[in-house]
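For reference, the structures are reproduced in the following blocks.
What follows is a pair of complexes built around subunit A, which joins subunit B in one and subunit C in the other.
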Partner chain A sequence: MKVCQLGAAELYRSLRNSGIRIRTGPFVCHLQSPLPAVAEGVETFYQDFTCEPEGFADFYLQLVRPRNVHRFWRPQVTCYLNGDSPFSPLPSDQAFAAFESLLNWSIYKTTYSYLIIHGACVERNGYAAILTAPPGSGKSTLCAALVSRGWRLLTDELTLLAPESGSISPLARPISLKNDAIDVLREYAPRETFGAKIYHTVKGTIAHMRPPAESVRRMHDCAVPGWLIFPKYVAKAPTKTALLPKGQAFMRLSSGLVNYAVLGARGFEALTRLIDRANCFSFSYSDLDDAVAWFDELEPPRQSAAG
Partner chain B sequence: MQLDPLIERALVHPESLAQLNISQWDRLIASARRLGLLARIQALLAERGSLEAVPPQPRLHLDSARLVADNEQRIMRWEIGRIGRALSDLSKPVIFLKGAAYLLAGLPLARGRISSDIDILVDKADLAAVERLLLEHGWEHLKIDEYDQYYYRAWSHELPPLRHRERYTTIDVHHTILPPTGRCHPDPKKLLAEAVALEGSNYKILAPADMVLHSAAHAFQDGDLVHGLRDLVDLDDLLRYHAAETDFWDRLLRRGVELDLARPLYYALRYSRSLLHTPVPRDVMEEAERFAPVKLACLIMDRLVGHAVNDRLSGAPGLLKTVAAWTLYMRQHWLRMPPWLLACHLLHQMWRPQKLRTRLG
Partner chain C sequence: MSVAPNLLWKAAPLLTKCWEDGVAVYNLESGSTHLLTSAAGEILKYLSENPAPAFDLSIRFAAENNLVADPELHYNIELLLHQLDSLGLIEPLTREGVSTWRG
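Then we have the complex of A and B:
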């Protein structure tokens, strides 16, 4: 059953009481929260996701009001993952953003079946373009722009690379836009659904974009890595791209991986294979139309048809 | 006093987990995670060849936990080498305790065990030299305030914890295994005298009986049993492993008295046997009964341990659990220091800001 089929009243009631199980790609997340901001967020951004009636949940998440003065004065939200609270309480108007971070944290900290690349990923004709760069480089902006122009959203924040098969498993969760990118995207993609701005988070102002229904419907279709792109937004600069030598791409990618060391040799081999298969580019942009046009012209990598 | 039946099955009859339905797996994984036993259960299933029967979703979490534990052990092995090298000028063997010792000795309980800190034991006379050598080789004092520094040096059984400035690994340097201010006074000289050298290295570990007694002391004399079940699993493993040696049980009982650790030994045998079915011979148990506290204390302890070994979120939440945890916390402090020191320490802890509180509790 889809989240939207529950109906708002039932969704709010379930979230408040026993919680609901939302499937996102390979994972099921059990979410329980009495906070309206969380329920609103789930209603808006997860409407097309499947709600599992019962069974196994990978993560038990709870977002609740703390039992202290912050229940009333400067209300806060406390996050729990499997009964433990991994970070300090946040202002309660950030509750939905807190849920998104908590889910990212859960995937990072408890699952080691994928090599996790911090970055967005979109797909077209079976090939995935991984967009990875330090925070603030404009990954999510580019990802949202591409998705609004027909690319399939695989993920905005965590790219899951299966070490053995080398394919990428989608999560299809909402895209989180930051600061100036929010208004840029609202103008660039007026037909997409955006949430209200959430101010003063650790990443500044955040607003989410709803994943297209088609991307959510296909969340179990994995994709072959086609391109590994290191984007950088440079104000007012023209689009500039350069093919990156494989060695350089390897070093740039491996330096930012969180669970790479834990996977050991398997992680190294998975990464090597990814770099071997994908065409690697550095990419700086400011004009979204121009950037999307460049992506639309990308040639599939040659050797990957065989691999 | 009993274990959650699912956790008991996982630890005592892991092969029977193949029959669990997915909702039971769901509950087991959540509880085992909170108890810190996921990697352990994975290791038990792997040993018995029963992993294949685990459905893919719980399997993912078991395997993930094992990968993390294995990685920690890889780091620990490396760290042991670094410590050995840093202390080579001491020209005395270094005695590794707990997790590091299990790993070095290749004990079966090392598999799937999570522990990140390294503990070593040195002669009190060498304490200053060891600290100096570690500081010279890149370890530094954790940023703790003057009171903590003072507390460790004046009253505790170890140096203030040292952390390596590049690798962020922590080492606890002990000169004895329990706080000298506490109720039991195991003589560290006796522990050092019987420590066993490991072949081909300058490392030593405690003798088998002493290793069990240290684990028992750690669980029942010096801790508040927050990792109650994990501690018991260690004890159960150690007892099963060493039971094969001749005279082990007699030595254990004798050594318990010699080292002034008879009471914690009694608790260890009692709870390991009743909760994890450790094969403690009947006559050994009868002998150990001599070390039991009075009946009422034993009843209270049963209740406290019963709470401590179970997942705090399973079953009904309630006042009793909170009371049990608080009582264990107070008991730990009570056993650790005489009343006047305890009063001063707790008063001091009350006045300081929350964020400055360290692991002294």
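Then we have the complex of A and C:
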């Protein structure tokens, strides 16, 4: 059953009471929260996701109002992962953003079956383009632009690389846009669904873009790494690209990995195989049409086959 | 810089991957990752096969790369060995196999 098939009243009631189980890629997340902002976010951004019946969940997430004095004049939200609270309470108007952060945190902290690359990933014709760079480089902006022009969203934040097969598992979820990129994308992709701006988060102002229904429907279709791209937004600069030597790409990528140290030798071998398969580029851009056009022209890498 | 001529070097347990612009190395004991020059990767490969002193490494490196095994090459190989040692990728042994370098 999809989340939207529950109906708004049942969704809100379930979230308030026993919670619901949402499948996000290979994970099932149990979410319980009485907060309307969380329910509204789930209703808007997770409408196409599968709602699993009773059973095992990988993560048990709870977002509630703390019973402290703040609730009288500055309501807050406290996040729980499997009963522990990893963050300090946040303003309650950031509740949906807090849920997204908590889900990311859950995957970061408990996943050892994938090599996790901090970066967005989109797919076309079976090949994945991994976009990885430090925060603020314009990964999500580029990802949202590509998705709005027909690329399939695999993930906006956490790229899951299976160490043994080398394939990338989708984890399509809302795309988190920050600051100036919000208005840029609203203008660039007016047919997409965007949430309200959430102000004063640790990352500045945030707004989410709903993942396309087709990307959510194909959540089990893995992709072969095709391109590894290190994007950087440079205001008013022309699109500029350069093929990166494999060794340099390896070192740049190894600094953007989440659980590489935990995976040890498996992580190293997965990483070197990824670099071997993918064509690696540095990529700076400011104009989204130019950027998307460059991606649309990408040739599949040699010596690898999609499937 | 000069080291005792009887000093043997051996490689730590490593995984390596060669590309045109360098050799990626993973240290199985420490979990550290490095990108080295191809020359450093070649020396590590020799030491992974057998422990060897700097002099023997210079001779082999020269032979396999059409170079002259002169004092300058030997100096550079010794320098490289110290750098690899400081990264924890190799360690010195005496000919009897007893570690003396770090006490």
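Heads up, the rule we're going with is that the second predicted complex is superposed on the first by the 305 of 307 C-alpha atoms of A that agree within 3 Å, B and C clash if a C-alpha of one lies under 4 Å from a C-alpha of the other, contacts with A are read in each partner's own complex, and residues count from 1 in each chain.
Rule of thumb we're sticking to: contacts are C-beta pairs under 8 Å (C-beta built on N, C-alpha and C of every residue); 3 or more make two chains touch, one makes a residue touch a chain.
Since the structure is predicted, the reported quantities are computational estimates derived from the model, not experimental observations.
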Do subunit B and subunit C fit side by side on subunit A in the superposed arrangement, or is it a clash? fit
Looking at the overlay, what does A:D183 touch: subunit B (first), subunit C (second), both, or neither? neither
Once chain A of both complexes is superposed, is A:E192 in touch with subunit B (first), subunit C (second), both, or neither? neither
Does the superposition put A:E40 against subunit B (first), subunit C (second), both, or neither? neither
Quick one: classify A:A261 as touching subunit B (first), subunit C (second), both or neither. both
According to the stated criteria, A:F250 is in contact with first (subunit B), second (subunit C), both, or neither; which is it? second
Return first, second, both or neither, reflecting whether A:E52 touches subunit B, subunit C, both chains, or no partner chain. neither
Geometry of the superposed three-chain model: angle at subunit A (Cα centres of subunit B and subunit C, steps of 10 degrees): 60
Mind working out whether A:T110 is in touch with subunit B, subunit C, both or neither, as first, second, both or neither? first
Is A:N82 contacted by the first partner subunit B, the second partner subunit C, both or neither? first
Please state the minimum Cα-Cα separation between subunit B and subunit C in the superposed model, rounded to the nearest whole Å. 7
Using the superposition described at the top, list the residues of subunit A that contact subunit B and also contact subunit C. 261, 264
Complex contact set, residues of subunit A against subunit C: 245-248, 250-251, 254, 260-261, 264-265, 268-269, 272, 275
Touching residues (chain side subunit B, partner subunit A) in the complex: 22-23, 25-26, 29-30, 33-34, 55, 57-58, 60-61, 63-64, 67-68, 70-71, 74, 312-313
The subunit A residues in contact with subunit B across the complex are 28, 54-58, 60, 82-84, 110-113, 261-264
If we count contacts the way the header does, which residues on subunit C are in touch with subunit A in the complex? 15, 17, 19-24, 26, 28, 31, 33, 35
